[in-house]
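The letters A, B and C name the chains in turn, as written, and every chain counts its residues from 1.
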């Protein structure tokens, strides 16, 4: 039992971290803590998802927020116009994001390196600009929920609470997913693609299909997170749904914690988001926060490109077996 | 209708030249060192503020301020290269993308703290020239002329000076250039400096007719990407033509449909060209 | 390999459902919301203590200290701050039971951006324990903030937020002080008709924001009803700085009059570029920007531009006019307000300043009428409110669009030249005009 337990130490560590964040506001009975934990968890879910593509497969998506925004829009539409409940909306958001990823993947995963990164930026901007003109989604002024919607959940207070539990659940799922991909044969194939795509192909990893599935897997949860996020937000607009900066912040979080590991993005996202939240209302640091993050990022890129977890693995070879 | 077409064409072309030299800075850096400079937008914005403060603060005429801005841009770019880029120049793309983006974050963070995000205007009115129904604002005309001058200057520099020849040698084959004694670190630093100079100058020119904030750079950075891909990444001269194409799109598309569709077309075109002809509409590198 | 993936995705979806089912059960089975979050039950303990002589009420709001709304928002919160200072200096409000109410403001910078507003209002409610909220500036930011205030059951006075649609979302505790957006440009159409019955072709060009879209939709309908030919109706994206293609299109459309705009920054840029391009039009009416004193910085480009205003210093609402209309008068006169504002900030107030001040004033009146700071009683007092202030008539819809302003009316100003200097004159409606309108526009 214990041997088997320790075999998955990394998974328990990751799930434990997420649970601690999730239980903190419930134990402290504090709405502000709940709001903070919500943003931290959504960052964890987004970063862990992107890590499947960026960390395991080595494809740098700079426009990954497109799945968050698109899933958010589809989910919002199903609630606001079609009158679906939040569960169905969340599924719709996830499926929409997965479909979008599948179609895009077929086209752009042929590109490598910086060309792929540029294409993802272009796609995020194109989708944003399109939705800005797309009347069914409200065009430039977006959509706003009628407040009555929250009644079905026992009032706004309960809806907020519910949304938080869902976010905890989603984050746990993405953690398990990330761990499964990392330790599975499928994941090994992705790692092979990251190291040398041509060699991976020779060795029998069917790269187009593996890459595409990695892309789809990395898009589902952001789509669901988007649906949840905007249900809570109550309003959606192109500018709020597709912020390029959030996209790049996801990468920064992964880099901080350690790309290609399971625990890394979780720690990175939690650390980054907690710092952001803490500095948000300080008049001096509110803007300098961005600069401080920049300095931090540069130091990481220049001196510890593997991030925190990667550095630990390198520095202490003994932990390598169980810390991923 | 014909008149409207001509007016739109002129507007689009004049702006196209200015956007073109912004993109030229981006593609020069890409061509020589395979780095996509994600701090490009914030450097454009710094160029705007440089001209603004030299004019509003010190009373230096904007077009003279532009020369000072160019010098500052060159120096600043060289500094950025040695601090942020040099160490990771041979690392995978993600490293240079993030290194330059970290510079972007620092500039935006410090810039927002100092300048805030309240829009600024450079109060420069040089009048306009008019023929028939068509009115051309002088500031835009002068900006386009300066842009062409800068582009020609860059071309001559690359073609006829020793540092320029070094840059071209490093573009073709860095290893071979190093073997024959080209000081590659200096050449790369100079290239980054030149790229920054171009960004700053285009920013300074844009600031003479559009309002701006420290965050305005992002729009122009995205335009630079589109232009760079249209003209061929790594092909600085192609950028000028890319700029003209973008100018034409921005001038003509609104005549046929709501203006807000323009960015949809631009970015779809951008992704398509990346997929179909990653070396740009004009073929391979120079 | 692929099959495994299908299985995995299947498992994921099922897991999602299971989680869904569990999650669903949790909040309902959990005992009602925690005390700390239930605002209605959370009347500050200090107020309920009968012996308490003095109560400090916290007013929470965000302000655009930076960003594109900086100009308007600063004036709005300056106005509000002036009210707080005046009330506290006068020793607070004395309620019927002898309690003295004083006010304290907590505010943050929202940077004119919607993505921070919700976080900040949540913080104002949960951390700073704000008792009452004032909206941020602009309809866009307010519609984001209103969701939060409504979710937590707080009362929010919406000033600087004119969009009608905010009040059609079923909110019960948001109250609008401005004349709604749908009335912003209808008077400008009337003015044009009185000036030149021969003008028929009108172009609308507007910012793609909640506010401006609501304004021009109503104005277009009104203009068409009045027999105008709307030759162009097009929006521009937020943050647009290059209006070249729009101006070309207006010229191509043959429009003689142009109406629209959005907020201060885009509106003044649009006016400047229309002037630089020598666009041959006779009439230009823009939203928000013209009434702002800084609009004069445009120089000749400002000359002749018409703009709707919620309030001007020359507005002649007085205790006498209140009596004539059968309304209760409340608060200072325009002259007193202008004097106090000038003394405090060394500049003339515009309607955003007055809007900020009047938000406080209305809250004051509601608390006095309620005789308490209990949110439910204050809400009841707001629902019943029907008063005249220096800002104009204040009365709220309490039926289908709860909280929508139905008392207040717009006036229209125009920049004119007097002794070589730009001055702002009221030109419409005729009864309140301080000068004859300048027509046609000379560029």
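To be clear about the criterion, a contact is a pair of C-beta atoms (placed from the backbone, for glycine too) under 8 Å apart; a residue touches a chain by one contact, two chains touch by 3 or more.
These numbers were taken from a predicted model, which means no experiment stands behind them.
Chain centres here are C-alpha means, and the one lying farthest from chain C is B. More inter-chain C-beta contacts link the pair A-C than the other of A-C and B-C. Measuring from the averaged C-alpha position of chain A to that of chain B gives a distance of 32 Å. Averaged C-alpha coordinates give centres for chain A and chain C that are 36 Å from one another. Note on chain placement: the centre of chain B and the centre of chain C lie 39 Å apart, centres being C-alpha means.
Chain contacts: chain C has residues 208, 235, 237 touching two or more partner chains. Annotation for chain A: residues 132, 140 touch two or more other chains.
Listed for chain B are residues 112, 258, 260, each touching two or more other chains. The part of chain A that touches chain B in the complex is made up of residues 54, 58, 60, 62, 107-108, 110-111, 113-115, 117-119, 121-123, 125-126, 129-130, 132-133, 140, 244, 248, 251-252, 255, 284, 287-295, 297-298, 301-302, 305. Chain C meets chain A in the complex at residues 1-2, 4-5, 8-9, 12-13, 15-17, 19-20, 22-24, 26-28, 30, 33-34, 36-38, 108-109, 114-116, 118-120, 122-123, 125-127, 140, 143-144, 147, 150-153, 165, 169-171, 208-210, 213, 235, 237-238.
On the side of chain B, the complex with chain A involves touching residues 34, 36, 38, 83-84, 87-88, 91-95, 97-99, 101-106, 108-110, 112-113, 218, 222, 225-226, 229, 258, 260-261, 263-264, 266-268, 270-271, 274-275, 278. On the chain A side of its complex with chain C, the touching residues are 29-32, 35, 39, 87, 90-91, 94, 98, 132, 139-141, 144-148, 150, 153-154, 156-162, 165-166, 169-170, 173, 177, 180, 184-186, 206, 209-210, 213, 217, 220, 224, 233-235, 237, 239-240, 243, 280-281, 283, 286.
Note for the complex: chain B touches chain C at residues 1, 3-4, 7-8, 11, 15, 112, 116-119, 123, 125, 128, 130, 133, 135, 137, 210-213, 216, 219, 250-251, 254-255, 258-260.
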